[in-house]
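Each chain carries a letter (A, B and C) given by its place in the written order, and its residues are counted from 1.
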Amino acid sequence: MKNKIGTALGLMTLGLMLVSLFMVFEWVPTEADQGIVQRIFYFHVPCAWVAFAAFGIVAIAGVFYLWLKDQIWDDLGYAAAEIGMVFCTLVLVTGSLWAKPIWGTWWTWDSRLTTTFILWLLYGGYLMLRAMADDTEEVARFGAVIGIAAALDVPVVILSVRLWRTIHPAVLITRSGEHGLEDPRMVITLLVALAAFTALFGWLLRLRFQQLRTRTRLTILRREVALIEAAVGDY
Amino acid sequence: MGAFAAVLRKDLRLEIRSGQSTIALFALSLLIMVVLVFALNPQPIDRARDAAAALWVALVFGGMLGATRSMIAENENGCMRALTLSPIDPAALYGAKLAAAFAFMAIVEIAAVGLITLFFNLDFGADLARLAPSLMFGTLGFAALATLLAAISSRTRAGDLLLPILAIPLFIPAIIAGVKASEAALSGFPLAAASQWLGILAAFDVLFITLGALLFEHVIRED
Amino acid sequence: MARPAVETRALIKTFGVVPVLRDINLQISEGRCALLTGGNGSGKSTLLRIIAGLSQPTSGDAIVFGASSRNLGVVRRRIGMLTHQSWLYPNLTARENLTFYAELYGMPHGDGLAEKWIAAVGLAAANDRVREFSRGMEQRLSIARAMMMAPDLLLLDEPFAALDPDAVAMVADLIRSAIARGCTALLTAHSQLDLGIEIDRYQIVNGRVVPFRDESRAPQRSRIGA
């Protein structure tokens, strides 16, 4: 039963991705100012959307974990963090690849990229915490607290970075796609790409989440076995 | 209220008692500024900006060291467990520890302000007074953050490395706002000019003090 | 029978996958003194910590004065605990430590109370920092800390460890007085003790708590004079 959902999700992801690739490389018109390079936008933005959404999931899972104390929420949060981190890294990499041909530098401190970079640092802190704490229950609790704190921090980050960049605008022109995608085909391509990446995220998240769930169940089973073995030792 | 005061008084007394290491911590925070002076080689034109930067770097790094030490003292003979068992409300316990951390950091900040006036050739006057809101909000916010995070990091491996990894990214919006507000103050602008930055700092403080009060019990609970 | 002061129901505690406490069903009535013996690592300390709400059971429950140990609330106030760690601040003096705890628990006249209890455990060095104390002195002060707020439940993990015979007699006396005024006590030790009062004896074997049955060989009890 479960495999059917997984397969369906996988196939849907594959389908959407193929359509999306076709649209990005063949169908959508080239943008006037930036040329072909602008097409990276259709990967860059969906990755950013996924990175932020994943972070939201980490935080919400954290809240539920602290409230209900069920390991399943921690497994969900951890899975979302790992995968979110990957997408967040992709945002930064695609942003860098985009910046170089357009503005000649590998990095720019414009408000969106800066905010994403801070998000990347927050993810990094969360993952490093989980790597460094020993006990499972304790690390789950700590992770939940950090996830919640970080998610609530993000709005403040966005505010402050935006204000910072308003006072000192990045020397570089803002990238198109933020105001007015002129051609409707661009809008459609973006939406399809968003759908494709969301599906990809969902598929990956499910896979990782189920892995962690299995590990949790295994631990519970081992515990049961140890209890039974000890009970045998009574006689 | 009595328990809150008891913990605050105890923490302050312990900070004073640690004698040499408190002084060393002080010295370290201030030496960080010395590094910045040599690194930045400040020119008169940039002095407001450089001084503001030095202040906030000292705030962040000094604050982290102080917060870690306070938690280690609590973990030493298992005293944190005694506090968990006691009738004190976890939020009140958080508040007391936050207040103690803030007091310590505030003293370091005041000394730092004195130093930057010297190092960066500032004028003792209205500019420094205008510095107060941004520094106070910033110190309060960082104390709130560090108190919560140090409770986590002090119970993990390489906790003293983990604290900056967790704290600095979270604190970035306050650093952005705080340095800007401090710079405006030192450049002679009236407080109203920095109102947006101060607003962000205030929002940060409210957020993390509330968060700390709500979540502290989850991080001090054992096992 | 009146509601027990402490009750555990099917209490299980595992660390990771290793079971330490298995299906503990223990009842201690109010006003009783209970002694739990067992070897190192047998789980005595773990059980006490769970009862005090400092550690959460893997499954099952511990009930203290009617409240679950997972959520003791106001019952915390009524528990006095002694663990292997002293819960004392090394950089504070003996008096400062006790005064702090008195204030923390909202006891009036903390200074007087601190003085009284420092004397009660036979410590002369009230103004010395705990950092300078010997293990025995630290233990005595820690016992004072645990008993100072007139708790209704005393959880004492190896209270007689590191004490010289005089101190042992003193502490036994304090425990007897506490029982006399209606306190309930759960003590742990490595071997049997005789406190001159009636004691419910249990031992922990292979993670389970069973009543202690004195085999007919000569009792290896240390008699602590009444």
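What we mean here is this: contacts are C-beta pairs under 8 Å (C-beta built on N, C-alpha and C of every residue); 3 or more make two chains touch, one makes a residue touch a chain.
Computed from a prediction, not measured in an experiment: that's the story for all the values here.
The touch graph of the protein chains shown is complete.
Put simply, the chain nearest the middle, going by average C-alpha positions, is B. If you average the Cα atoms of chain A and of chain C, the two centres end up 50 Å apart. Taking the mean of the C-alpha atoms as each chain's centre, chain A and chain B sit 31 Å apart. Distance between chain centres (mean CA atoms), chain B to chain C: 39 Å. Along chain A, residues 137 each make contact with two or more other chains. Counting only residues that touch two or more partner chains, chain C has 56.
Each of residues 223 in chain B touches at least two other chains. Taken in their complex, chain A has these residues touching chain B: 66, 118, 121-122, 124-125, 128-129, 132-135, 137-139, 141-142, 144-146, 148-150, 152-153, 156-157, 159-161, 163-164, 167. Across the complex, chain B is touched by residues 49, 52-56, 74, 76-77, 79, 81, 83, 85-92, 96, 100-101, 103-106, 145 of chain C. Across the interface of their complex, chain A is touched by residues 148, 152, 155-158, 162, 165-166, 168-170, 172-174, 176-177, 180, 196-197, 200, 203-204, 207-208, 211, 215, 218-219, 221, 223 of chain B. By the touch rule above, chain A contacts chain C in their complex via residues 136-137, 219, 222-223, 225-227, 230-231, 233-234.
If you check the complex, the residues on chain C that touch chain A are 12, 14, 16-19, 22, 56, 58, 206-208.
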